[in-house]
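What follows is one structure encoded as structure tokens, with my remarks underneath.
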Amino acid sequence: MRWPERVMGGPLAVATGAVLLTAMLGAVLLWAGGYDPLAAARAAALGAFGTRDALLSITLVRSVPLILTGLAIAVAFRAGVWNVGAEGQLYAGAVAAVWVGLEGGSLPALLLVPAVLGAAGVAGALWALAPALMKLRLGVGEVITTLLMNFVAIYLAAYMVHGPLQEPRGVFPQTGPIAEGARLPVLVPGTRLHVGVVLALVAAAGLSWLFRRTRIGFQMRAVGASSDAARIAGRIDTRKVVLIAFLGSGALAGLAGGVQVAGVTYALYEGLSPGWGYTAIAVALLAALNPIGVLATAVLFGALEAGAAAMQRDAGVPAVWAVAAQSLVILAVLALDRVRHRAGSEASGV
Amino acid sequence: MTRVLARLSGVVRRFGSVEALAGADLEVLEGEVHAVLGENGAGKTTLLGILGGILRPNEGTVEIDGTPVTLSSPGDAWARGVGLVHQHFMLVPALSVLENLALGRRSTPGRLSRTHAHVRSDASRLMERTGLDVPLDVRVESLSVGQKQRVEILRALLRDPRILVLDEPTAALAPAEVASLFALLRDLAAEGRAVVLVAHKIDEVLAVADRVTVLRRGRTTLTELRASVDATSLVRAIVGGEAADRVSVWSPGQATAPRRARGQEVAALVDARARDASGRVGVDGVSLAVGRGEILGIAGVDGNGQRELALLLAGRLTPDTGSARIPDGVGFIPQDRTLEGLIGEFDLTENVALALHADARFGGRSLLRWRDIRTEADRVRVRFGIVAPGIDTRGGALSGGNQQRLVVGRELLVATDLLVAENPTRGLDVSATAFVHGELRQVTDAVTGPGVVLISSDLDEVLALSDRVLVLSRGRVHEIAEGVRTREGVGALMLGGADAVA
Amino acid sequence: MRRQFRQSLSMCVLALVACGGAESDSGGEAEAPFRAALLTAGPVSDAGWYAGAYEGLMLLRDSLGAEVSRQQTRTPAEFDEAFLSYGSSGYDLIFAHGFEYQDAAIRAGERFPATTIVVSGGGRFAANVVPLIFELEEASYLAGMLAAGMSESGTIGMVGGVEIPPVEGTFRAFEAGARAVDPDVDILESFTGTWDDVAAAKEAAGAQLARGADVIIHNVDAASFGVFQAVREAVATGRTAWALGMNRDQNDVAPDVILGSAVIRIPEAFLETALAWQAGELGGRPIYAGASEGVIDFVLNPALASRVPAELVAAIDTARGRIRAGELTVPRVEFVEPEVR
């Protein structure tokens, strides 16, 4: 079975096709559940793109952590490092960011914001260091270790909001609000869009440049494409490259946690992330690990989330149905992507 | 009188826009050894894949025993008595040889251990009869390339095929093993089976085949009895009339003498020891020196430390004990070009960058000068005649011969002092082999040129090209005295080690 | 390719919007006197805290004719977004059912002055941000009276989850009620540190039973089953021991050992709050919903009512009447901050 070249297009066309396909599937699902699929679709579309606030304050704000974690996955996977621990690295970054944001109130914003984000990046990188060393020193596969480190980080965050970082009066399991000067400024006045989105754009552009222009970027791509060829033909120190990929990936995921705290929640809670670190894998794979592509797929996923929330509010569709519809889209996107890959490899011969 | 077991007529097979077969014919007779020749990319593997049920033709017919058939899976082909031995190993590395052989068996009811016992006794009997000797209880991943090949052949023979199809079976075998394989193939043919094999070495084909079919650009250009062809006519059919004159064919067993005294020493090992990936001793106390402008040939059967010696000399491995003096300007042609020589999903430029990215001329501290690398890549493409639309073509889209041209051309860019070539012509067709040999000779023409170390299990190649020859056996090198520098003398050293000659 | 994507994306959106032109059927939107929304951090199918809030929202729709909507938020990042969505669509009253919404509610209150936000169990308030505090202490006091009156050993126990002010409040009130009946009663107290560790709750209750306690109250939320189980096992050994329920009517959870429950009637609280808002009386201070509003009550287990002496029941009823009338002040732990400006 082969698809005409023209139909296959790029990953973005695949994503669009998947949205349309699952829109139909989702409609049937909702109709079977006794909900009005047209009203739901209308609510979702308006909730994601319909107004300035929907686009800037909701969809884009939701996209930021997905962009940063998606880039984290792209860095790791490009270098052949199967880091599935972005979730934990994000939590580590969030904890560090909150700590600096709470303690550093006396610093001017010009210093405090970089300190908060820097701490988040460093914490994320350190969280990735343990699995990196276990892989390089002991040969332990990183899929298991990074996954397990997620649980450690989630419990660490829970401990922090019940213990050392709990809000001053010790009443609620959350931290107090971080200092005003630690918060990311709003980018577009009157909206919730914070400068974290600029950071995410810069990170994507920077990563794209890194892969294309720099020696380390080239080495990462080579190690990811073929560790043996990189080592034998390229004389690349693959262990060093793997370590850098781990740390870079962890830093980006940690930054996602820091940006979320400094730009959106201003405090640490349990359950800060709904699983961005995992959704990021779909975001990055769908973008074919291309940093610029990650921007598009992360916004797509952000819009899906925003639409799901709007379906609850404006069409009375319960959360589980909305999430199920969203999951359908992800599945369809991945399946279509697979079909495209198979058609591509068939065309290039055996 | 002789029955036609299989006939493929007018077969066309396309991959995307590429036409791998453009109307090929093949007729397989009962009791014959039938060799299929052709350059890389001529369609040999595709044709065998269609006979073996792996690929389906877009046009044309396949007949078995005179009946048109549709072979939609290897199982279909097996059911009709066609057994295919792959060019690339289809073995499970983590399983033992015995378990891999058992995988090829139709599952018999009863316990697995009973199946294994059957396979063990069958395999032992077969190994005794054929001389294809492999340890049954060792994991496949720890076998040498040659041993894996033997496992593949054994696995096919265990199923008792009427038509045995072998894709380049001799590429990894030592001369004595080739001889015994050919004896086996002749025996199988004498039993009334048909043997179809793809081979590259014309002398091998002439030695074993009853009939020869030559493919060129997806079409059958020649099908003749062995008696009516010779090396020259085959080469002409393979490469086409106009190109034939530029390809020289050397006679087997002919050795060259040193061209002159070697130049200044550029690399040396002193009592070097190194372990292989699984921790066993690979190179066990080797001392040697390489001079400028010479080709130092290292003969020997794969698995005797060849890999580790190549990595040591190429500076990719540091010795556990002893010392290695390796120059900066070292190029390395690894034996597995698809896994280690290049990256299939990288384009030509990026593959050239693999060798250049560390060079200060092609980048600053952190940035790469892609424009300069592209220029260099295009020079490699033109200078080494790589057939590709451009330098943006992916490495994986090149034919085997063009991949090797790319690797050789790239490594010559950096091999200002030393070039280490590890089985550089394995799996290459006649003209690509001639190209590689020509480059190795040319680069050592001047006494100021780099030294070349040629590590090869192809004894003819080593003897024909080398100024000096060493044999690597069981991790140690043995000098070849001038008097024993014959095919037989070196061959004995390769198989038996030093004791056999002393 | 980029342009192609943009085109297809916008076509996709247009299609969805165009197709979705159908009327939304959220009952009687033209005439609705006001619009109310509910935010929960968990599913409304939990048969407890969130289910009560959902019933409250339905009560507003059915009895006041409100146009209603709700959203389950999955992460703190959605708090601001949900307030923004409801605030900018002109919702009048938002019930944010959990303390975790309080910081975002304060921020939203500033941005949407026309919207009133009610934060259940919240600790901060502003002109249009109102913590809704459930005065469970009033029922705990009555529970303490029952415990002391029913105890034969003179020792009673309290098993808590996390040691936070609302829990401490119920325990201080429980103590006060017990001492009102028996000034010499011994009262044991322990905390498990979690809300969902059934085994830890059972262990804590078992230890108190071993030290002679024969009536045990809990405030461990979902882990309460461990407390009931420990009491049941003590009864199985031939002892007399009782348990008391908390937060909602748990009498039917373990009808053989639970004497009564201190309950919060969330729907009634929502209704009272909405009525106060309609009357223009809501804002600038927390709302305390207690026994006098009918929100908090202590409910005897009908199956075991015959085991409780009539004079004890009478004393409890008297105390309930005095609390409702404001004549009896129950100890409580204040945790609402002074007004946010």
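Labels A, B and C are assigned to the chains in the order they are written; within every chain, residues are numbered from 1.
Note that a contact is a pair of C-beta atoms (placed from the backbone, for glycine too) under 8 Å apart; a residue touches a chain by one contact, two chains touch by 3 or more.
Just so it is clear, the model here is predicted, and its values are computed rather than measured.
Comparing per-chain C-alpha centres with the mean over every protein C-alpha atom, the closest match is chain A. By the count of C-beta pairs in contact, the leading chain pair is A-C. Note on chain placement: the centre of chain B and the centre of chain C lie 77 Å apart, centres being C-alpha means. Averaging Cα coordinates per chain places chain A and chain C 35 Å apart.
Chain A and chain B have Cα centroids lying 46 Å from one another. Every residue of chain B that touches chain A in the complex is listed here, in rising order: 15-18, 20, 46, 49, 55, 311, 315-316, 332, 334, 339-346, 350-351, 353-355, 357-358, 363, 366-368, 370, 394, 396-397, 407. Note for the complex: chain A touches chain B at residues 213-216, 218-219, 221-222, 225-226, 228-235, 346-350.
Listed in rising order, the residues of chain A touching chain C in the complex are 9-10, 12-13, 16, 19-20, 23, 36, 38-47, 49-51, 53, 57-58, 61-62, 65, 162, 169-174, 177, 192, 260, 264-267, 269, 271-274, 296, 306, 309-310, 312-316, 318-320. Across the complex, chain A is touched by residues 1-2, 4-5, 8-9, 12-13, 16-17, 19-22, 24-26, 37, 43, 69-82, 84-86, 88, 99-100, 102-104, 123, 162, 164-166, 335, 337 of chain C.
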